[in-house]
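Structures given as C-alpha cells follow.
Common to both upcoming complexes is chain A, partnered first by chain B, then by chain C.
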Partner chain A sequence: MSAATRKPGGGRLVALILLTVPLAVYAFLYLMPIGSVLSLSLDNGALGESLSHIRAADPADRDAQAAALIADMQAMEPGRQAEVARELNQEMSGFRTLFLKTARASDGIEPTLAGLVVADPRWGEEKYWQVIRQNAAPITWRHYQRATGLVVDDDGRITAGGDDIYLQIMGRTLVIAVQVTLVTLLISYPLAYAVANAPRRLAAFVLVAVLLSFWTSILVRTTAWVILLQTAGLVNTFLIWTGLVDEPVQLIFNRFGAIVAMTHVLLPFAIIPMMNVMRTIPKSQVDASRSLGAGPVESFLRVYFPQTLRGVGVGGGTVFILALGFYITPALTGGPKDQMLSFYIADFVKRALNWGMASALSVLLLAMVLALVALFGLVRWLSARQGGRA
Partner chain B sequence: MSRAIFWVSTVLALLFLVVPLALVMPLAFNGSSFLTYPMEGFSLKWFEEVFTEGNWVRAFGNSLKVALGTTAVALVIGGLAATGLMLTGRWLQIVLTGLFVSPMIVPSIVIGVAFAYSFGRMGLSGSYAGLVLSHSILAAPLVFLSILTSLRGLDPDLDLAAASLGASRGQRFRHVTLPLAAPGFAAGALFAFTTSFDEVVVALFVASPDSLTLPVALFAGLRDRLQPTLVVVALLLSLISFAFLWLMARLQRLNAPQKP
Partner chain C sequence: MRAIKVAAFVAAAASAAGGAQARDLTIAGWGGNYQDAQRSAYFEPFAEAAGLSFVETTYLGGLAEIKAMVETGNVTWDFLIMGGAELQLACDEGLLEELDWEAIGQDGLLPGAATPCGVGNVVIGNGYAYNTEAFPEPPQDWADFFDPEKFPGKRGARNTPNMNLEFALMADGVPPDQVYEVLSTPEGVDRAFAQWDRIKPLLQFWESGAQPVEWLASNNVAMSTAYNGRIVMAKREGKPLEFVWKNHLVNMDGWAMVKGSPFKDHLTAFFKVVNDPENQAKFSSLMPYGPANAAAAEFLTPEILADLPAGDNIAEAAFYSDEFWIDHLDELNERWSRWSTQ
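Right, the complex of A and B next:
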C-alpha cells in the first residue's frame, strides 16, 4: 500500500495531472482517428452535401425532383460536379457521362422531367432516379451494402441480392487465419515442449532460436521466404538438383506460399505463451502417472496435455487475431486468390482512393477482431471461475 | 517410441524455424546477382551498393530519426500513463489499462487507414512528426506495460520508509521509485525503438516518398524486383534486432538480483 492511497485527495490530483497528457494524446491521436474511420464509412461525402435540393424535394413529384436536380447541378462548381459524377458512377456505371453531360447543359434545360428526358432519354428510366434518391442523404449505408452484398429494394426490405465478393473475401480471410493457426499450433507445440522439458542444452538452444526469431522483424522473415520460394529460388534449385522435379514448381504467390510464410512469421507468438504455461507444470506429475502404471502416451494425453490447453488457447488466439488483420506477409507471398481483407483495404486507399469502402471494410475487420477478443475474454473468465470452484 | 516422436518433431520444427533465415542471409555476400546456391565467390559489392545508394542511406537515416523520436514520445506517454495509473483506484485502473493497451489489438491496417485520413486533414501526412506520432501510439502500450510491471514489482515499504523520513511525493518519486524502476523504463525504450524501426504497415500509409523508412523501402523493393541488395538490407535490419535482443538480455540480468 503506497502513501498515495492513504492520502486519496492528493493522490487523485497528482494522478489527474500525470494522466492528462497520455489521455489527451490517446484521445486526439488514437480514438479520434479510429472514430473518423467509423464516420467515414457512413459519410456520404460530396453526394450528401451536394444533393440538398433533391433531399428536400417530394419523392412522388417527378417534376419537382427534376427541378431540384437541375438546381443542385447549377449550384455545384465544375470540380464538385466531377466528384459527384465519379461517386454516382461507383453506384452505377454510365452515370458519370450522363451526369456531366446534363450538368454542363443544365442552364438550358427546362426544369421538368420532360425537359430532362429531352436533354438525355436516360432520365426517363427509373433506375437512375433511384440511385440519386438513395444517395442524397448525409448518411449512407451503401459502403456496408456493397461490403456485405445486401441490397435495399424499393420497399425498404433488405435482400441478399448484391455482389457478394467482399463476403467471400471475409470468408477467405477467416479460412486462411484458421489454416495458419492450426499449422502454427502443430509446429509450436513440440518447440514449446522442448524449451520446457528437453535436456538443458537443447532447451537453451531452442529458446535462443525462438527469441531470435521473435525479435527479427516480420518483414525480414518474409523477405527470406520470398527469396527461398521464388521460381529460380533455393527450394526450386534444390528440388531440381535432387531430380524430384524436372521444372520449377510454383511455390509462391499461391496459398501454399502464403501459409508457409505466415506460419513461420507467427510461430513465436504461439510458442512463448505455451512455453510459459508448460514451465509451470511440475515434472513429477508425469512421473507419478507413470509410476501408477500409465504408459508414456497415456500420461501425456491424460496428465500433461490437458494442463497445456490454457497456453494453447492463448497462443492460438493471439496467432488467429494477428493473422486476421495481417497485411505484409500475405501481400508479398500470396496470389490474387489468397489476398485477405487487409489487402483490399489498402487497395481502396492507395489505388481506388475510395475512403468510404476502405473505412467500411476496416470497421468490419475491427469488429471481427473485437468480437474474438471479447470471446477469448469470456472463455478465460468462465474457465477461471470454474477453476476457482474446483 | 515416444522419445522418437519428441526428437523428430522437435528437430523438424526447429529446422523450419531456423533454416530459412540461415540459408538466405549468406546470399548477401554472393558474388553474382542470383539469389540461390551455389554461391559464386564471396563479395561485399552488394553492401557497397547499399551504402552508396542515396535511397537506402536516406531511408536508413529516416528510420533512425523516426525511431529515436518515437522512443522519446512513447516514453513520455507510457511513463506518465503508468505512473499516473498507479495512483488511481482499482476500477479506474482496469478501464485505463484497457484503453492504454488497446492499440495492440487493433489491426495495424486499420490504424494505418485512420492515420492516413486524419493526418491528411491535419496536414501531417508524409511529415516526420506524423510518422513519429503514429509510431508512438503503436509503441506506447509496450512502454506502458513494461514500466507498469516494474512499478508493480517495487516494494511499497520503501516508499513508506522514505515518507516517514519526511520525503515529499516528488522527492520519493525522484530518489526512490525512479531509480528502482529504471530497468522498466529502459526496457520500454528498447521496445519503442524496435517497434518503430521495424514497422511497415502504418508507415506505408503515413510516409511520403521523402520520408520513406527502411522497412517501407524494403517492402517496395520486394514488390518491385528481387536483388541481393534486399538481402543486405534484411541482414542489417536483423543485426540491429539482435543487438537489441542482447541489450534486453543484459538489462534483465541487471534487473534480476533486485527480485526476491
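Right, the complex of A and C next:
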C-alpha cells in the first residue's frame, strides 16, 4: 500500500499547501499592482505634502493662505516646484507658468494676498486658489470626477455637470467588445464543429491553421490586416478587378477594420474551448435523435446545441474579457472613433505623465469587468433556480 | 512606494543581466533614417574620439522613462534627443544634467538653441505634402489643405492639437507671427477647430512619421501633414510627392543628458561634437532637416539647402512655441481628443 493511505492527514496537508504555493505567489503578484493602481488613483500624497502649509491654513483668511503658499514654495527644491507646477497645470491651463514664476521670485514677495497680486495679478482670481486648496488634500477624488464627469458642487452634492467623454469611451469599449465577441462566436462555432467532427486529416489541418495564427505575434497579424485592407490593398484591388465596386472601399481605420483584426486575433480563444466540449459529445446521441424522428435542425437545436453551450460560454467569456482590454490592434486598425479605453490609459501614462488619471481609468475598467462577471453570475444563478423549479 | 517597487524590479533585472556597472554609453534617438544619419554624423565621430563603445535605443517621447530612471537612480540612458517642450519640462524638474555653456561655447547657434540642460540641434519643417499625380493644380497653402471642395480626397494628420491648431489658424488667414496670440484666446481656439470641422470626415490619423509617406505614395490619402525630411527622402527615392513650404511650422529637437549618467565626464565633448557645423552639415546632407548652427550652411550645397527648413524656405514660416504648449497642452489635448473621438 502507498504512503498516502498509511499516513493520512498531516503529510498530505503539507503537500497540498506546498502545491498551492505558486498560486499564492501568483495571487500576491496579481493583487499587488492592482492595489498600487488603486492607491495611485486616490493618492495625492506627494502633491499634498508639498502644499502642507496651505492645508493647515485657514481657508477663510486670504492673507494666511498667501503666506502659507509662499512658505510652501520656499520649502520646495526647484525640481519639486516644477513638478508641482506641472501637476497643477493638469487642472488648469497656465497654472504652471504662474506657479513657477511666483515660486522662483518667492523670496522677494511680501507674504500677503496683496503681495502676491503685485507679483502676478492672476493671484487675485479665486479659481487659482480653489485648485490649490483642492490639491492640498492627502486624498483626492479629482481623477474619478474627471473620469466620470461627475462634479461635486459647493454644497457637496454630486451632479453630472462635467464632461462625460470617458464614460462615452467606456460605453464604446463595451460595445466593441460585444461586437467582437458575437462575430468571433459566429465564425468559430462552425470551425470548432468541423475540427471536432471532420475526418482526422482535415481536422488536424484546420487545427494547425488555427494554432499557427495563435502562435504568430499579434503585431504581425494586425499589420497584415492593415496591408490587406488598405485603400490600395489586396482586398480592394480584388474588389475593383471583379467589378463589384468602382472605387476603393474604406475597409480600415474604421470600426470594420478594428473588428476584423480583433476577431482574427481572438478566434483561437473561442475555437479551442468549444472544440474540446464538442469532442466529448457522443455522435450516437444525434443519431439516436434522428432515428427517433427528429429532423436535422431539431436534432441540432434540441440535442447537440444545448450541450455545446458550456464551450460557447467559456469561449465567449474569454474573448469578451480579452477584447475589453485591447490596445494595440484597435490603435492600428481603427479610426479615432474606435479607440478603446486602454488607448487613453496608455496616453495618460506615456504622454501626459498623469498616472493618477491613468489609474482612475484602469480602476473603472476593472470595476466594469467585475460588475459584468457579477451580473453573469446572477443570471446563471437565477436561471439555475428557475430550472430547478420547472 | 512606487519608486521602491520599480527600483526592486530594475535591480533584479540588472543583476540578472550581469550588473549594470560596466555598461556601454547609451544614446536614445527617434529611430529610422533620422537616427542613421545621427550615427554617422555624431555618434561614431564622438565615440571614436572618446575611445568609447556605444549602443543605441529608441525614445518615443514623453517623460515617463526618464523620470523612472532618475527617481530609481538606475540611469540606463545617457544622451537622448527630445522635443523642445519636453526638454524644458524635464530640465525644470531636475531630470537632466545642466550644461556648462562656457566650456561648450555657442558660436553660430540659432537663437534659443542653447538652454540650461540641452541644445537645439535639428530644425524640422512641419507642413503638409501631396501626391503630385493627384492634383493637376497643386495646392499652395494651408487654406487649400482645409478646402474639401477645391481639393477633394482624404487628409492625413497627427492626432494631437499641437501644430494642428496652428495650421488651422494660418488657413483662416492668421499671419504666422500672430498665431500664438490668437490661439491664447478661447475665440482663437474655436476658430482653429472650425477649420478642422470642415475636413473632419476626410481625416485619417497617423502616429509615426513614416505613415504619411506610405499613405501618400499609395494614394491612400490625397494630402497629409508631414515632416519635411521624410517627404524629401521619399522624393529622392523617386516617389511623386511634394512638400508645401508656405507657412510651415518650424520646431527644434535638442540633445540632453539624463541626470545621474555615469558618462557625465563626456558631457562637454559630446555637445561640442553635435554643435560642430561640419558634423551638422553632414547630418543635413544625409537627412534633410536643418542645422541649428548657422555656420553649417557653408558646408552644404545649394541643392541640399533647397530641401531644408532654412533660407528662402523659412521666409514665411511660423516658429513653434514650446512655452505655449507647456502651458496649454493638457487643456487643448482634452478638447482635441473629445473633438476627434466624437
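Keep in mind that, in the parts below, the second predicted complex is superposed on the first by the 321 of 390 C-alpha atoms of A that agree within 3 Å, B and C clash if a C-alpha of one lies under 4 Å from a C-alpha of the other, contacts with A are read in each partner's own complex, and residues count from 1 in each chain.
One rule holds for everything that comes next: a residue touches a chain if its C-beta (ideal position, glycine included) is under 8 Å from a C-beta of that chain, and two chains touch if they have at least 3 such contacts.
Please read these numbers as outputs of a predicted model, since none were measured by experiment.
S.K.: Touching A:K337 in the superposition: chain B (first), chain C (second), both, neither?
M.R.: Touch partner of A:K337: chain C, not chain B.
S.K.: If we overlay the two complexes on their shared chain A, which of chain B and chain C does A:R86 touch? Say first, second, both or neither.
M.R.: Once the two structures are laid over each other on A, A:R86 reaches chain C alone.
S.K.: Looking at chain A, does chain C or chain B touch more of its residues?
M.R.: The larger set of chain A residues in touch belongs to B.
S.K.: Give one of first, second, both or neither to describe whether A:F320 is in contact with chain B, with chain C, with both, or with none.
M.R.: It touches nothing on chain B or chain C.
S.K.: Using the touch definition from the top, say if A:I169 reaches chain B (first), chain C (second), both or neither.
M.R.: second
S.K.: Between chain B and chain C, whom does A:R351 touch in the aligned arrangement: first, second, both, or neither?
M.R.: It touches chain C, and chain B stays clear.
S.K.: Kindly classify A:P78 by the partners it touches after superposition: chain B alone (first), chain C alone (second), both, or neither?
M.R.: Touch status of A:P78: second partner only.
S.K.: Contacts for A:Y193 in the overlay, against chain B (first) and chain C (second): which applies, first, second, both or neither?
M.R.: After superposition on chain A, A:Y193 lies in contact with chain B alone.
S.K.: Taking the superposition as given, does A:S36 touch the first partner, chain B, the second, chain C, both, or neither?
M.R.: both
S.K.: If we overlay the two complexes on their shared chain A, which of chain B and chain C does A:L228 touch? Say first, second, both or neither.
M.R.: Only chain B is touched by A:L228; chain C is not.
S.K.: Same chain A residues contacting chain B and chain C, which ones?
M.R.: Common to the two interfaces on chain A: residues 36, 40, 230, 232, 349.
S.K.: Under the touch definition given earlier, write down the residues of chain B that touch chain A in their complex.
M.R.: On the chain B side, the touching residues are 1-2, 6, 9-10, 12-14, 16-18, 20-21, 23-25, 27, 34-37, 76-78, 80-81, 83-88, 96, 99-100, 103, 105-118, 133-134, 136-137, 140, 156, 159-160, 163, 169, 172, 194, 197-198, 200-201, 204-205, 215, 218-219, 222-223, 226, 230-231, 234, 237-238, 241-242, 244-245.
S.K.: Which of the residues in chain A come into contact with chain C in the complex?
M.R.: Interface residues on chain A, with respect to chain C: 36, 39-40, 77-79, 81-83, 85-86, 89-90, 92-94, 96-97, 100, 163, 165, 168-169, 230-232, 253, 331, 335-337, 339, 344, 347, 349-354.
S.K.: In their complex, what parts of chain C are in touch with chain A?
M.R.: 1-2, 5, 60-64, 67, 89, 92-95, 159, 203-205, 207, 218-220, 323, 326-334, 337-338, 340-342
S.K.: Quick one: in the complex, what on chain A touches chain B?
M.R.: 1-4, 10-12, 14-19, 21-22, 25-26, 29-30, 32-34, 36-37, 40, 187-191, 193-194, 198, 202, 206, 209-213, 215-228, 230, 232-234, 237, 264, 267, 296-297, 300, 321, 324-325, 327-328, 332, 342, 345-346, 349, 355, 358-359, 362, 365-366, 369-370, 373
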